[in-house]
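There are structures below to look over.
Each of the next two complexes has chain A plus one other chain: chain B in the first, chain C in the second.
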Partner chain A sequence: MIEDIRAILKEHGRLSVDAGALAVDADLYQAGLTSHASVNVMLALEGKFDIEFPDRMLKRGVFESISSIQAAVEELTAGAK
Partner chain B sequence: MTQVAVSPHVAAAIRIAREVAGPVANAVDKDARFPNEALAAMKEARLLSAFVPRELGGFGCGMLELSQMCEALGQHCASAAMVFAMHQIQVACLVRHGKGQPFFEHYLRDLVKNQNLIASVTSEVNVGGEMRNSICSVERQGDRFKLDKDASTISYGAQADDLLVTARRAPESPANDQSLILVSKAEYTLEKTGSWDTLGMRGTCSPPFKLRSTGGVERIMPESFADIASHTMVPFSHILWAACWLGISTSAVSRARAFVRKQARAKPGTTPPSALRLAEVSSMLQMVRANVHDVANECESLMSQPDAGTEVLSSIAFALKMNNVKVSTSTVLFDIAHRCMLICGIMGYKNDSPFSIGMHMRNALSAALMVSNDRIFATNANMLLVLKED
Partner chain C sequence: MATQYSSEELYQNLVRHKLIIPVGVPGAFGRGAVFEDVLARFNDVVTRLAKNDGAEVMAFPPVIDRQVFEKSEFLDSFPQLAGTVFSFMGNDAQHKELSQRMHDKKPWADLQSMTGVVLNPAACYPVYPSFTGTVPAEGRLVDMQNWVFRHEPSPEPTRMQAFRVREFVRVGTPDLVVDWRNMWLQRGLELLQSLGLPARSDVASDPFFGRGGRMLAASQKEQRLKFEVLIPVISEEKPTACCSFNYHQEHFGKIFEIYTPDGALAQTACLGFGMERVCMALFKTHGCVPSEWPKSVRDILWPA
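Right after this comes the complex of A and B.
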């Protein structure tokens, strides 16, 4: 899953550094993730994992690192099963 | 608003608006000069530290009281109201994000004593109005920093005592990784690089400046500007600006009302045709008022929760709501003023009549531009791609 998240960040995150080389707990906002780009990351994650982020998850903290994104996606995919 | 019981601090603002700001509003507008009298009176009444908590010596006013003050000032002098609003937005950032920081708490105690006026330096040449991007950066050297910024506009820059400046956190940081830095007059210089001869809001005196500053690193707020912006700067800006605009609308409608009454008195027994237009504009004003009061109330109750509402304040749904207040009130504001002009006719068109609406219309035009509504709509459009609101 981490690799999928990295790929999505690479394609949609418009980061100033290589998403493939980022630590899983690195601050994505400090790596250049904007609010605008984070929406595109969300949409790509929703498409890739066939999930929908509920409004309660639409906040900065959920998208601040690869591991926080992973936790959110895991929570949502676990709920689907 | 006058029928509702208000706090003594709001009552002080209402008095200053009527007795001090109002009588010189035309002069402030005509000469594009700073509303000195109103600011001096507000300092005298210690209103510049109204939002500072009681434990630091302030009045501990909340969003609701601040918005009532802005509304009252906006009815009499839009420039004074906007200066007051912009200052309070800076104070709110310092109070809410400097909590527990000895330097900032000390600064706020001094603010109560000295009533310093704080200006905002978020705009930057070649970035324009995109507040969440900076070109300039903080350059740390040991326990000191250096910060230079080419600002496209600084409202009351020449009159301010201190500045709250956005900049990239470090020279290597990306454009949106920003810090907020408080710089003090003794440690900065401003070089005015342009003029402020505008259609409206002339008394805010907001020309472009080149800022050069230094200071101790304790002046850099510890939280990221991203959080400060979404939790405090944006909600306070949009609500307090909207409250100023509500004041402008209220004033325009009360002139139109006075005009219609005068017509009605001239021909007792018949309702003048303009009364219909007044009925229409009165319903529009009520919508603006309900909108502003609703969000001010919501923000105040959120911020007084044990977790200071942080969860909700950082959500997309809340950001959308705050943006909607700004775009909706700023759009309808000009429409209301224009309709009042049509009611008053030539008496509204004349600059020297008691029913003059010209200044209201000119001031109202600024609302859609101070942070462009199109930019906000673009942000909202983006957020609505993922927000469900179900």
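Right after this comes the complex of A and C.
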């Protein structure tokens, strides 16, 4: 799953660094993730994992690192089963 | 007795006292002489308050360069609010068809083409291209009153399609910009309270479009980038934003290549008084006849 998240960040995150080389707990906003880019990342994650982020999860903290994104996706895919 | 709030009643009262003049389409009413006098007087009070701030005064028309509009990314955030100007650019035959279709009440929009201008979507947008380059160490401050268009037709009087904003824009280092914003947040609140208005300030978010917009709004609130001074005008629970403060961080600095002398991207913030909304808050709070307003309020707006 981490590799999928990295691929999505690469395509939609418009980061100033290589998403493939980022530590899983690195701050994505420090790495150049803008608010608008985080929306595109969110929509791409929804498409890739067939999930829908509820309003309570549409927060900056959820998209602040690869590991926080992973935790959110795991919670939502677990809920779907 | 507690004040009762009603959008419809306020609209009727404003019309009855000739403060506003209905025109058919909602949110585009005219303004009467007394309304305009109150607006001008409030504008003067703001001018007096800011007179030692060293602002450069500028005025822009109600349209902006479409390329500036496109660069601003307004459509990424608020596609539902924008109004792009289209015009006829055809030949005689097409003109004939345009007239015919209009008289036949058939659609004619496809016979117009996009022009190079867009209705101004936010009071501060026209100024940013003029900051391109390096700003002085003390930053810059601009003072404007511009017409703004928002496509949100509504019978509710405080929600207009076109309105005036008295806007100040600060550009410079983060410290300069944030200190200035904080100074005005207090000043704006005190100004409106001094006019007898039950104003309070709160953190706020912009009406971003769609699901992505809910995320943008949450992020804006979490970062405390937008504040509003709110006054109950048509509702107690949903008070009306009469003054709003936006901290854009480096958004416009990046887009329009604005730098501080140390070579860093400049930051910007703006504040705007919704002029018609302030007037309506005054009419709602003190009544539709300014000569009957409390002396303390009249003394500020009509000083001897």
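Criterion: the second predicted complex is superposed on the first by the 81 of 81 C-alpha atoms of A that agree within 3 Å, B and C clash if a C-alpha of one lies under 4 Å from a C-alpha of the other, contacts with A are read in each partner's own complex, and residues count from 1 in each chain.
The definition used in the following text is that a contact is a pair of C-beta atoms (placed from the backbone, for glycine too) under 8 Å apart; a residue touches a chain by one contact, two chains touch by 3 or more.
Remember, it's a predicted structure, so these values are computed and weren't measured experimentally.
Student: Mind working out whether A:L58 is in touch with chain B, chain C, both or neither, as first, second, both or neither?
Tutor: both
Student: Is A:T77 in contact with chain B, with chain C, with both, or with neither (first, second, both, neither)?
Tutor: In the superposed model, A:T77 contacts neither chain B nor chain C.
Student: Identify the partner contact of A:V39: answer first if only chain B is touched, second if only chain C is, both if each is, neither if none is.
Tutor: So A:V39 meets both chain B and chain C here.
Student: Between chain B and chain C, pick out the one touching the greater number of residues of chain A.
Tutor: B
Student: Kindly classify A:S16 by the partners it touches after superposition: chain B alone (first), chain C alone (second), both, or neither?
Tutor: In the superposition, A:S16 contacts chain B only.
Student: Can you list the residues of chain A that touch chain B in one structure and chain C in the other?
Tutor: Correct list for chain A: 35-36, 39, 42-43, 53, 55, 58-60.
Student: Across the complex, what residues on chain A touch chain B?
Tutor: 16, 29-36, 39, 42-43, 46, 52-56, 58-61
Student: Show which residues of chain A lie in contact with chain C when the two form their complex.
Tutor: 35-36, 38-40, 42-43, 53, 55, 58-60
Student: Which positions of chain C touch chain A when the two form their complex?
Tutor: It is residues 73, 76-77, 211-212, 214-216, 218-220, 222-223 of chain C that touch chain A.
Student: In their shared complex, at which residues does chain B touch chain A?
Tutor: 132, 169, 173-177, 224, 226-227, 230, 311, 314-317, 379, 382-383, 385-389
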